[in-house]
Amino acid sequence: MNKTWNNGAWFMVLPVLALVAFNAVIPLMTVVNYSVQETFGNNIFFFEGVKWFEEVLHSERFHAALLRQLAFTGTILLIEIPLGVMIALTMPRQGPWVSVCLVLMALPLLIPWNVVGAIWNIFALPDIGLLGRSLNGMGFDYNYTHQPVAAWFTMILMDVWHWTSLVVLLAYAGLRSIPDAYYQAAKIDSASRWAVFRYIQLPKMKRVLTIAVLLRFMDSFMIYTEPFVLTGGGPGNSTTLLSIDLVKIALGQFDLGPAAAMSIIYFLIVLLLSWVFYTLTMRSEDQS
Amino acid sequence: MKRLSWLVPAFYIFFLMLPIYWLLNMSFKTTNEILGSFTLWPTNFTVENYVAIFTDPTWYNGYINSLAYVSINTVISISAALPAAYAFSRYRFLGDKHLFFWLLTNRMAPPAVFALPFFQLYSAMNLFDTYIAVALAHCLFNIPLAVWILEGFMSGVPKEIDETAYIDGYSFPRFFVKIFMPLIASGIGVAAFFCFMFSWVELLLAKTLTSVAAKPIAAVMTRTASTSGYELGLLAAAGALTIIPGAVVIYFVRNYIAKGFALGRV
Amino acid sequence: MARIELQKVAHSYLARPAGEQDFAVKELDLTWDDGGAYALLGPSGCGKTTLLNIISGLLTPSCGQVVFNGRNVTEERPEQRNIAQVFQFPVIYDTMTVRQNLAFPLKNRHVPSDAIAARVTEIAGMIDLDSVLDRKAHNLSADQKQKISLGRGLVRSDVNAILFDEPLTVIDPHLKWQLRSQLKKLHREFAFTMVYVTHDQTEALTFADKVVVMYEGEVVQIGTPEDLFERPMHTFVGYFIGSPGMNVAPVSVEGNRAILGGYAIKLARTYADTPVGAKLELGTRPEFIRFAGNGGAKDGEGLPVTVKRVDDIGRFKVAKVELAGVPLAVVADEDTVIDGDEARIVFDPDHVHIYADSQLLEGVAQ
Amino acid sequence: MTLELRKISKQVGGETHIGDVDLTLASGTLTILLGPTLSGKTSLMRLMAGLDRPTAGQVLIDGTDVTGVPVQKRSVAMVYQQFINYPNLTVYENIASPMRVAGLNRQETDAAVRRAADLMRLTSLLDRKPLELSGGQQQRTALARAIVKGADLVLLDEPLANLDYKLREELREELPRLFSETGAIFVYATTEPTEALLLGGNTATLHEGRVTQFGATLDVYRRPVDRNTADVFSDPPMNFLAITVGGGQVTAGEQTLPATGQIAELADGRYAIGFRPNHLHLARPELPAIAVTANVAVTEITGSESFVHLDFDGQRWIALLHGIHDLEPGSAAEVFLDPGRFYVFNEDDALVAAPDPAEAA
C-alpha cells in the first residue's frame, strides 16, 4: 500500500486527537500538577518539587505493591500465553464448530469486570462455592478469604479464566492466515508435528502473539476491579496490587501529592515496559 | 492425536462455563437456600431475584444507564475513528507514526491513575453524573482501539478502488458513505463490538463519574454487595443479566471474531 | 523416480455427481514414464490442477486408481507417495536460512548430518543458490525462493516425481526465461519425472517432452510440441497452441477436396466415408497459408479473398482475410507487401486437416 | 481535445520517477506507453489522470492548465492491471456508476450501460457480482465502465497482464473496436512490444522515467533512436555485437567481418551492432551473410516459433525461428548474420545506421 503524502489528512485526524487529548492530556496535567505540590486542604498549594517522587520511590509500601504486581503479571503471562496458543492449535480449522467455540470462549471477555469478581467471589467461597467446596472436599484446606496463598491462587485462576480466551482468539486468527500450501509442503517434507509448529505456525503467529502479550501485559499490570471485588486487597494486603494500593492512597487517605507521584511513576513503568517489549519484537522481526 | 485433539478446547470451554453455571444456579435460589445448603441445582426454583431487579427502579435504571452511555460511546468512537483510520490507512502525513503510537500509549494508561483527575475535570465542566461524561471518558481507550481495528480492515481494500471512484466523479464524502463503508461493514461491526464490550465491562471510571442519575449497573451491584447485607441471590441475578448484552452483540460478529481480535491485522 | 499410471481416474467435487458436466476431470487413462517431463496445459478451469492434486495425493479421485511403479497409492497421503511440489507462490520456511531449508526434508528423514551437508551443497551448486546458502530465506527474491522449493525436492534422491503448479506466476516477466532455461537444464541433468501445470503454452512446450492438453475436464491430446503444432487432434488444441491459433472453417468434403463456400481446396489425403451427420470443419494454421503472387506461384493460382486487416508485428504480418465470407488469418513474412483489399491465397495441402465434431479425421494418404 | 504534458517531472522521496517529459496527444489517437516494469508507465498515467500532481511541469487540456484540477473534475477514465470493480455492486451498477454520479436520467444511463455491456459481451452477466466472474469478465466490466461515460481521456494500465495467455489474445482482438468507439484520447501501457505492434497507433518508449522516443509505432520499431529504445521495443531482447572499425578493417573480438551493408561506410571507431532475434539464422540464407560460431544454451518453444538461446563469447544471444526446433544444448552451431538487417549504435548508444525500411520493409 504505497501511501501518498498528504498533510491535508490532519483534518481527518483532528476529531480523534481532540477527544483523546481531552481525556488524556488534561487529567495527566492535573496529576503532574498535584505530584509536585503539597496541600493541607482548602485549596492552598505549596510547590514541593520532587519530594513526593522521592518519598514514593523509597517507600516500602510502593516496593511491596510493585513486587506483587510484577509477580502477578509474570505468572499470568507464563500461564495464559502458552495455554492460549495450545488451545488455538487444537481447535478445528474449519467446520460448524468453529464459530460456536469462538463465541463461547469469548463470553468471559464480555462480562463486566466487577461481575467477574463477584462470580469468583461466590464460586470460590469455601462453604457455598462450587470450587471452594470441592477443593476442601479433596482435602485441601482452602479459604481464600483468610489464607494469602489461597487468595493468590484464586486471583490467578480468575484471571486465567477471564483473559486466556483473548490469547486463544488472537493465536487462532494468526493460524487461520496460514495458506494450506504451507501445510502441504510440510507434509511433503514429512515434517513432524513439532517441526510444523516451530517453523510454520509460530513464525506466522509472531505478529498476533506480540499483540496478545502487549495487551495482556498492559491489562494485567493495570488490573484493579476484579481483584478488588474478589479480595479487596486482602487478606491483609497480600493481594494489594499497584492499582488497588494507588486507589487506597488517592481516595482512601486523600493525600493527593503521593498518589499523584505514584500515578506518574506507575504510568511511566507501563509505558517503558511496553515500549521495550514493542521495539524488541519489531527489531527481531526486521532482522529475521 | 489429531482426532482426540478437540478434547482440549472442549475441556477448556467446560472450565469457562462452570463459574457462569454457578452464578445462574445461585440466581434461581433464595438467599437463605444459598446460605443454608450446598445444592448443584436449586431445590425450590425461584425467579424472585429477577422479578426484584425488573421492578426496583434503582436496579433496572442501572441497566438503562449502562446501555445508554455504552451506546453513546460506541457511536462517538466509531464516527470519530472512521475518518482518522482512513487517513492512517491511505495517507502519509507529518508525524503520522508518532500520533499512531501515542494513541496506543493511551491504552496503556492505568484507569486507577486517572480516576481522581477525571472526577475533577468532568465536575469542573459540570458534566458530572451524566451519560456524556462516561461516554467521553471511555473514548480514552476505545478510540485508539477503534482506529487500530478500522485501519486494519481498511488496508484490506485496495487504494485503486478509491481512485476509481474519484475518477467516476465521486466526491470524497459520497465515495466514503456509498462505496467505502459498505466494503468495510464487517470492520465497522467488529470495531463497534469492541467499543461496546470494553465500555460495558469498565467499572472504575464509570463509578467515579456518576453518583445517582447515570449510575451504571456495575456501581449498583457493588453498592448492594457491600451495604445491605449479603443478598447473594439478587447479586447473582444482576450479574447474570449483565452477560446478556455481550452475548447478543457477539452473535452479530461471530464469523469475524478471530479477524477482529487480531485487530484487523490478519 | 516413478512410472505413474492413472487408471480410469475421474473426479467430481460433488458428493453425488449427476452427469458428465459435474466432473472436474472426466474419466481418463494416462501413463507417465519414469524420468519423463510432462506438461498439463489448458485454460483456467480445465481440471489440470485437480489432476495434479490427484497425482500428489491431496485429492483422492472419485473413481479410478493411481499407481506408482506398479504399486496402488490411490489411498495414500502425499507424504507416503514420496513426491515433491513447487507451488504457485513461494512456500519456504522464512525463519530458516537457505541451507536449513534445503536440509529440512533430509533432517526429517533422519539422514546423517554429513550426508545432508554434502547433498545440500551439491544441489545448491546446481540451482546456483550456493552464494546465498547462509542468508535467511525470508529476504530473497521470488525466483530464488521458488528455487528453494525445487531444491527441497531435488535433495531427496528417492523422490518419485516433482510437481509444479504454475510456478512462474509470481516471477517478474523479464526473469521468467532465465528460470525456464534453468529448469529445462536441471531436468536434463536429473531426469526426474516432472509434471508441470500451466496455462502458458511457452512454458508447457519448452519444458515438456510430452504435453497433455486439457479442455473442460477432458484430455484432448497428448503429444510432443511438434504433434500439437503439426497435427492437432482436436480443434481446441489447434486454437490453443500457437499465436494466432489455427483457422477453423465449416466445409463439406468430397474425396480429396474440401468445399469452402463454393471453392475447392486440394487435400493431401482422401476422406472416403465421413461420419454421417457430423459437423465437418477444415483446420489449417495461418503459417501454412501463403499469398499467391509472391513465392513464385503461377498467376491465376489460389483462391480470391478480401483483405480485412493487416497487423504488422515486425517479424511477420498477420492478415485477416475473408474467403467467401469465412474469416481466415494468414501469416506473411515481414517483407511481403499486401496492398489493396483483394488477394489470392494458397493452402499447403499437407497442413490442411479435416475435423468431424472437432475430432481429427485420419483419412487415407494418396 | 488535446492533452499536453509540458516539462513534467515527478520526484518521490529523492527518486526521480518521471524526468521532464514533453508529450502532446490529440483526440481520436491511441498512444502506447511501452517500457519494462518500473520504467514509469503507471506514474506517467497517474499524472495524466490527475491522480498525482507533478513535482514540476504542467498538464494542459486544450491549452488550459489543469495541473491543479482534481481528478473528479476531469473527463478521464482508467482501467487498472488488477481488474478493479466495486465488489458490493452488481456488474450493471458498476458500469452505470459514472453516469449515476454525473446525475444522468434513468433511460439515458440504461441505454448507455446496455450498449457498453453488449460491446464487452457482458449482457448475460449484468446482475452478477464482479467477484463471481472470471478474470477476463471482471476486466471486461472495468473496460465497459471506462468507455460508458465517453470520457475525453481513457487510460489503460497493462489491462491484460493478469489474464490467461489465450484470453489475452481474445481481448486484444476486441480492443480496436473499443478504441474506435469514442473519439477519446486512448493511452495504453504495456511491457510487451508485440502488443504495441498489434494495437498500432503511436508509441512512446519509456526508460527509467524518460520518454526516449515518440512516434508512429512502426517507425519507432524500425528506427529506434538509441540502444535503450531498441531494447525496450524487442522481446526477446535484441542481440548486440561489439565491433571496432579501424583502417578499413572491421573486427569483432578476434573475428574479422566483411565490411558490407550498413557497416561499410562507418567512420573509424567502436560501435555496437544490434540485430533482432528473427534476423539471426541457423541456416545459410541466400543473401550474403556473416557466419559466426556460437554454442546452444537452451531452446524454448512457443508453439508457432522457437527461441534458441546461444552463447557467443560470453554474450547471451537469442535466435527466433519459425516452427518447432529443439537443438541439443551445449552443441556448437554456426549462425548467420544478415548485414542488411543491422542496426548500428555508436559509443554513446545513439543510432548511427538502421536497416533501410524500403529494402527491409
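A few comments on the model shown:
Residue numbering begins at 1 within each chain, and the chains themselves are lettered A, B, C and D in the order written.
By definition in this document, a contact is a pair of C-beta atoms (placed from the backbone, for glycine too) under 8 Å apart; a residue touches a chain by one contact, two chains touch by 3 or more.
Predicted model only: the values in this text are computed from it and were never measured.
Both chain A and chain D are touched by B, C.
Chains A-B form the pair with the most C-beta pairs in contact. Per-chain CA centroids place chain B at a distance of 56 Å from chain D. Work out the mean CA point of chain A and of chain C, and you get 58 Å between them. Separation between the centroids of chain C and chain D, computed from CA atoms only, is 27 Å. Those residues of chain A in touch with two or more other chains are numbered 4. Contacts with at least two other chains are made by no residue of chain D.
Arrangement of the chains shown, judged by which pairs touch: one closed cycle in which each chain has exactly two touching partners.
Inter-chain contacts, as defined above, occur between A-B, A-C, B-D, C-D. Against chain C, in their complex, chain D makes its touches with residues 36-37, 134-135, 164-167, 169, 191, 193-194, 197-198, 200, 218, 221, 234, 236, 276, 278, 297-304, 307, 309, 320, 322-324, 326, 329, 360-361.
Within the complex formed with chain D, the chain B residues making contact are 158, 160-161, 163-171, 174, 179, 182-183. Across the interface of their complex, chain B is touched by residues 49, 51, 70-72, 76-78, 80, 82, 84-88, 97-98, 101-102, 145, 149 of chain D.
Contact residues of chain A toward chain B in the complex are 1-10, 12-13, 15-17, 19-20, 22-24, 26-28, 30-31, 86-87, 89-92, 97, 99, 101-115, 118-120, 122-123, 127-131, 133, 161, 164-166, 168-170, 172-174, 176-177, 193, 207-208, 211, 218, 221-222, 224-225, 229, 242-244, 246-247, 250-251, 256, 259, 263, 266-267, 270-271, 274. On the side of chain C, the complex with chain A involves touching residues 56, 58, 77-79, 83-85, 87-89, 91, 93-96, 104-105, 108-109, 136, 138, 149, 152-153.
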